[in-house]
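To keep things simple, chains are lettered A, B, C, D, E, F, G, H, I and J as they appear, and every chain counts its residues starting from 1.
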Amino acid sequence: MTYNPALRERAANDVDGQRIAKGYSWQQLAEHLGKPPVWTVAALLGSHPMTAEDAERIGALLDLAPETVRALQRQPYRTADAAIATDPTVYRFHELLAVYGPAFKALIHEEFGDGIMSAINCNVSIARRAHPGGDRVVVTIDGKFLPYEWNAAE
Amino acid sequence: MTYNPALRERAANDVDGQRIAKGYSWQQLAEHLGKPPVWTVAALLGSHPMTAEDAERIGALLDLAPETVRALQRQPYRTADAAIATDPTVYRFHELLAVYGPAFKALIHEEFGDGIMSAINCNVSIARRAHPGGDRVVVTIDGKFLPYEWNAAE
Amino acid sequence: MTYNPALRERAANDVDGQRIAKGYSWQQLAEHLGKPPVWTVAALLGSHPMTAEDAERIGALLDLAPETVRALQRQPYRTADAAIATDPTVYRFHELLAVYGPAFKALIHEEFGDGIMSAINCNVSIARRAHPGGDRVVVTIDGKFLPYEWNAAE
Amino acid sequence: MTYNPALRERAANDVDGQRIAKGYSWQQLAEHLGKPPVWTVAALLGSHPMTAEDAERIGALLDLAPETVRALQRQPYRTADAAIATDPTVYRFHELLAVYGPAFKALIHEEFGDGIMSAINCNVSIARRAHPGGDRVVVTIDGKFLPYEWNAAE
Amino acid sequence: MTYNPALRERAANDVDGQRIAKGYSWQQLAEHLGKPPVWTVAALLGSHPMTAEDAERIGALLDLAPETVRALQRQPYRTADAAIATDPTVYRFHELLAVYGPAFKALIHEEFGDGIMSAINCNVSIARRAHPGGDRVVVTIDGKFLPYEWNAAE
Amino acid sequence: MTYNPALRERAANDVDGQRIAKGYSWQQLAEHLGKPPVWTVAALLGSHPMTAEDAERIGALLDLAPETVRALQRQPYRTADAAIATDPTVYRFHELLAVYGPAFKALIHEEFGDGIMSAINCNVSIARRAHPGGDRVVVTIDGKFLPYEWNAAE
Amino acid sequence: MTYNPALRERAANDVDGQRIAKGYSWQQLAEHLGKPPVWTVAALLGSHPMTAEDAERIGALLDLAPETVRALQRQPYRTADAAIATDPTVYRFHELLAVYGPAFKALIHEEFGDGIMSAINCNVSIARRAHPGGDRVVVTIDGKFLPYEWNAAE
Amino acid sequence: MTYNPALRERAANDVDGQRIAKGYSWQQLAEHLGKPPVWTVAALLGSHPMTAEDAERIGALLDLAPETVRALQRQPYRTADAAIATDPTVYRFHELLAVYGPAFKALIHEEFGDGIMSAINCNVSIARRAHPGGDRVVVTIDGKFLPYEWNAAE
Amino acid sequence: MTYNPALRERAANDVDGQRIAKGYSWQQLAEHLGKPPVWTVAALLGSHPMTAEDAERIGALLDLAPETVRALQRQPYRTADAAIATDPTVYRFHELLAVYGPAFKALIHEEFGDGIMSAINCNVSIARRAHPGGDRVVVTIDGKFLPYEWNAAE
Amino acid sequence: MTYNPALRERAANDVDGQRIAKGYSWQQLAEHLGKPPVWTVAALLGSHPMTAEDAERIGALLDLAPETVRALQRQPYRTADAAIATDPTVYRFHELLAVYGPAFKALIHEEFGDGIMSAINCNVSIARRAHPGGDRVVVTIDGKFLPYEWNAAE
């Protein structure tokens, strides 16, 4: 049942094509919406549903097709794409998880107890940090700790 | 040719067993070495080689077998383990990459140009942030930006 | 031989597009048919064949193409889609099976003997349960126990 | 780095072997601990860490090796095992997700908004329901709804 | 080189669509050709080439496109489709092989010696058997035993 | 959590080794138990649990280790093994499903309605049929039809 | 980067469709070119580039589209297709490699030393051999032995 | 259920170790048995069962353990091993199938009709052919053609 | 989210088709741009973004569609394509890594310490080396060594 | 049939352990044998067979077990190991093939015609190149070009 990913993908193509044609940066689109950049790009590329207001505002700015504006409001499937994971820019993050995943797990359990960092109640940001040895990408992931709570339902 | 992973794995088991038996936290082991916690746990679980001095210091503290102390100094294979990636505490980070990977890529290219964040010249930390809605796990990844440089060799 | 999934998929797209355009909730569609919500959505998204009467009733309400109305009556292939399984809302249920699957198996065998819970003679419902700590999703699966019966044919 | 799953697996074997040898049902073990049956079996088979008190109580009842009692307290890797997913008793639940997963997703989003049912703040139970057409297995999953909350960290 | 499967698939779609539109059962198509039902359906869905005579007779009955009539005569690729194998009606047969495959192997070798049951010199039938506990599907596979014959070429 | 398959596998090895050493055919073991041959071999190779009485009777005949006799009574994981599926004697059955699976599906739905042939309430037999062109293996699968019954629980 | 396989595939479809429509056997096409049959069919189905002369000669005979004639001259990607490998006629050759691959390896190394049979400096033929027990397919593979030659570059 | 491959593997190791220790070539073992070399090596490496007489004769020559002599007579699982398929000496044959598989299929169907070359009633040989450009490996596969015969059972 | 690979792929097709139609070699295109050949081909086939100036220069030479000229400037996804890796010309390089990968790793660590050869700050060239035994392909990879530098961020 | 890889793996472990214990670099082992470093390490880690003389010379230097000395002479399986390919030091080379593979293919075909660079008649070296921006790893692959030669056998 892959009935809606194609809609979001076509929308992402329309957004990116118009963005380039009109000369907007992703950063500018985020500012136009007053939303964080990572959230904005993720939403425009199909990983988050947008409100009607946001979708129309971006549609007006980029002169998007009405179909695109509607598609941006669709609840998306956030599926993992194995091909994208092999792109070098994306792959380095997966490699970090292979190297540091067990350490993340050990330290989270030690500090917080048995549980996880939520990927839902969570935000992510990217920043540039100037450095004499070469500027650095700083990614910050900030997610709520969720303890395994069997009895929380009572 | 998987000739050395088994050595590092046995060492990790010895370290973790002795650590629990003697009542040390991972945090304490890191402090004992004067090294960052994520690096320390990753090294002790087999993702980084340790210096002879560090390996012996931790060996003395935890009463590790000589074989373990030697194994901790071996250059490791840092292989990706598909089973570990399904552990819920680890999986949430992979899920974040599925959701935000294309946004990371778009924003890194926009800000820095064509290239990647290094996973080698990079460090990682985990912190606890108190929050009225529930404390939060904050992961910071700080890696040098590497531009695609075809001519750098000249 | 994937000759019919495409038909059902196109039908699902038509249904969902018209549903949104006309402002109906899935719940309302289920009530219009007098059928349980999970069954109704599953059928409209391609996992169950509908009777001609139900297909036409929903077709009239949503102004569906005749092709869609016919497709909804086609016997579907209920194939497992690995991509959909990675969507976070769907994935959590798969994760629960990884964590509790062996316990389900042990307790079913202990209580009922050697056999399975039928996934065919079975129904599924979703409910909202108000809770001071945050409302809860309650999923109930109710399937007939089927014992391994080698001699039942005699 | 699969350094601890083997420990939990050996513990599960010891628990199950002693349980059968001494004639206890899983239900009785759960009652002995005063814990829900699904939680108890999952913990004893390696999916949850036990408190020292619980581990020792079950160890005394079943005459478990000290190594087993310690292993039951280890923080486990809750990895997904593709082979177990093919066991018919377990597979039927995966099949249900293939058939109803998209419907679960549609109805959860419609009722609660964009988000997931937590698999962490969640409990699971199994009950027998007498039925003239053959008794039925009733599985109830009760998990907290978690909305995508980008701004929750502020 | 998937140059011809698409042709057979389009043919199967045309056959099935016309069959439903004209109200014929598969059984009736088999009778019209005077061929066994399993063979007939397999051929019409793309697993066997048909003679020109059979293809034209079925084309006349169902008013098929000339392209379809030609495609039904093409030598097909009989490829295994992993998605179809997950459809519950098909999957149960695969599950039976997982459960009984080693027993089939042991008993065939014991009765016939080292060799296989041919899947080429073989036929398959499906019958309904009335039963007070619920009617039963009876599948019969009848294939020639082929011994490993290294010297048969001499 | 693969805690019990190893036990059943060791038992299968013990059974098969003793069977060969003592010169019994599988057929004779089935007759000794008064059970159908396919069921008997499947059970002894680890796909069905045996009663204490059957396990002891076969243990006495073959002089099996007490551990084996106990293991034969364990509730097994009936997991699908991809390697075994490539053995030529077993593979031919999988190939038949690739060729005839869609035809099975179409004819079962046409004759019985929407549903499946049970793989649980089901038995399987193998027979030899003399034939002038070479003797034939005849496999008969006899399983109860199960209709999709959403309302059966009421 | 799958930019050219589609071109070769469309060409193969055009060739095969015209070949059937005009009533030529593959054997006749090979004779028309004065090339070995296996080479000719492989080239026309997309596994070898053809010279302009050969492509035009076959184009004239079969009345191929100019696009097809050009595509036949394109340097192909000779990619392995897992689906085709499951076709029974093709699969038997893969099965032979599973059964005899290690023997091939042992005997090649014993007779020729450490190295391989070239799949590049190699030809392949198929012949029919009459036999009273049923005619036989005889496949001959004739490839140059290549020793591992580390120093050949000097 | 992989209960017997380990036995055959241990036997293959014993055979190969003793063969090297005693200085016999595979060719000599084949001559000692009076069997074709490919068959002999395949059998000794675990792909064919040997008669008691052959197993004992080779056992006496190589001073094999009694366990090995018995294992060589066991009916083997002839499973496909994906790792072995990547060895360069073996891989070249798989590559040839990727390049020429569709041509084999087209020419076999054209010459013999719809069917396959048997991999069971089949033999395989390897020869050295002297050539001024470098000696060549010549592999000959000689298998009986088997037509798809639905009616053969009558 | 595969929203841009299709654009680059269509561009690659346009480039290659026009290149052949106009009779340019890849080498000539590289010279026209004054760029290294491997870089040029990689960029034109979709693995590197081109500057507007380069894209337009090549567009003018080859008479490319404006869409192609724009696509060549798009930041690409450099995804790994498993099918391409099986093409024999490409596969040999992968095979070399299977054979020599662990040796590369051992020697790099020994010579440079713990770290990697960058695939980003890296260039690659191909040359022909005349040789009496047959000309040789010489591939040179020249990448900066990157040490694991946890503290580089300070 | 994985009957010999374990032997080579154990040998590699013995070699590497003794090498470290006795303080030899890989470079020194290569010099001791008078062989190229990449070849030497590959052979000692199990990718090439050694002559008896070389194996004994390295055995004497490192005080290896006689079993190891024998194993180093065994003809190895050079299998591709998917886990090793994920080690960052090894992975970068695979990534380069994903990025430049199609360019390698296009340029080799353009310069040499249809064919491959041999991975058998091939050698590989690694060198350090001093560079003000950081020293560089230079890998040189030098392999004979092999044209597709169908007629070479004549």
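Rule of thumb we're sticking to: contacts are C-beta pairs under 8 Å (C-beta built on N, C-alpha and C of every residue); 3 or more make two chains touch, one makes a residue touch a chain.
Here is each chain with its UniProt name: A, B, C, D, E, F, G, H, I, J = Cyanate hydratase.
Since we're looking at a predicted model, the values are computed, not measured.
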| item | value |
| --- | --- |
| Minimal step count in the chain contact network, chain E to chain J | 2 |
| Listed chain pair E-F, A-C or G-J that repeats interface B-D [over half of contact pairs the same by residue number] | A-C |
| Geometric centre distance via CA averages, chain D-chain C, whole Å | 23 |
| Distance between chain centroids, defined by C-alpha means - chain F, chain I (Å) | 53 |
| Inter-chain centre distance, chain D versus chain E - centres from mean C-alpha coordinates, in Å | 41 |
| Geometric centre distance via CA averages, chain D-chain A, whole Å | 31 |
| Junction residues of chain J - those touching two or more other chains | 1, 3, 45, 47, 77-81, 84, 86-88, 95, 98-99, 102, 105-106, 109, 115-116, 118-120, 122, 129, 131, 133, 136, 142, 144, 146, 152-153 |
| Pairs of chains in contact (touch as defined earlier), listed by label | A-B, A-C, A-D, A-I, A-J, B-C, B-D, B-I, B-J, C-D, C-E, C-F, D-E, D-F, E-F, E-G, E-H, F-G, F-H, G-H, G-I, G-J, H-I, H-J, I-J |
| Chain D residues touching chain C - in the complex, by the definition given at the top | 25-27, 37-38, 41-42, 45, 47, 78-81, 84-85, 87-90, 92-112, 115-119, 122, 124, 126, 128-129, 131, 133-146 |
| Touch list for chain C against partner chain F, complex | 1, 36, 39, 48-49, 75, 77, 102, 105-106, 109, 114-116, 118, 120-123, 142, 144, 146-153 |
| Chain D-touching residues of chain F, taken from the complex the two chains share | 1-5, 7, 70, 74, 77-81, 119-120, 152-153 |
| Residue ranges of chain D touching chain E (in the complex, touch as defined) | 86, 88, 91, 95, 98-99 |
| Contacting residues of chain C [partner chain A, same complex] | 9, 12-13, 16, 20, 45-47, 81, 83-84, 86-88, 129, 131, 133, 136 |
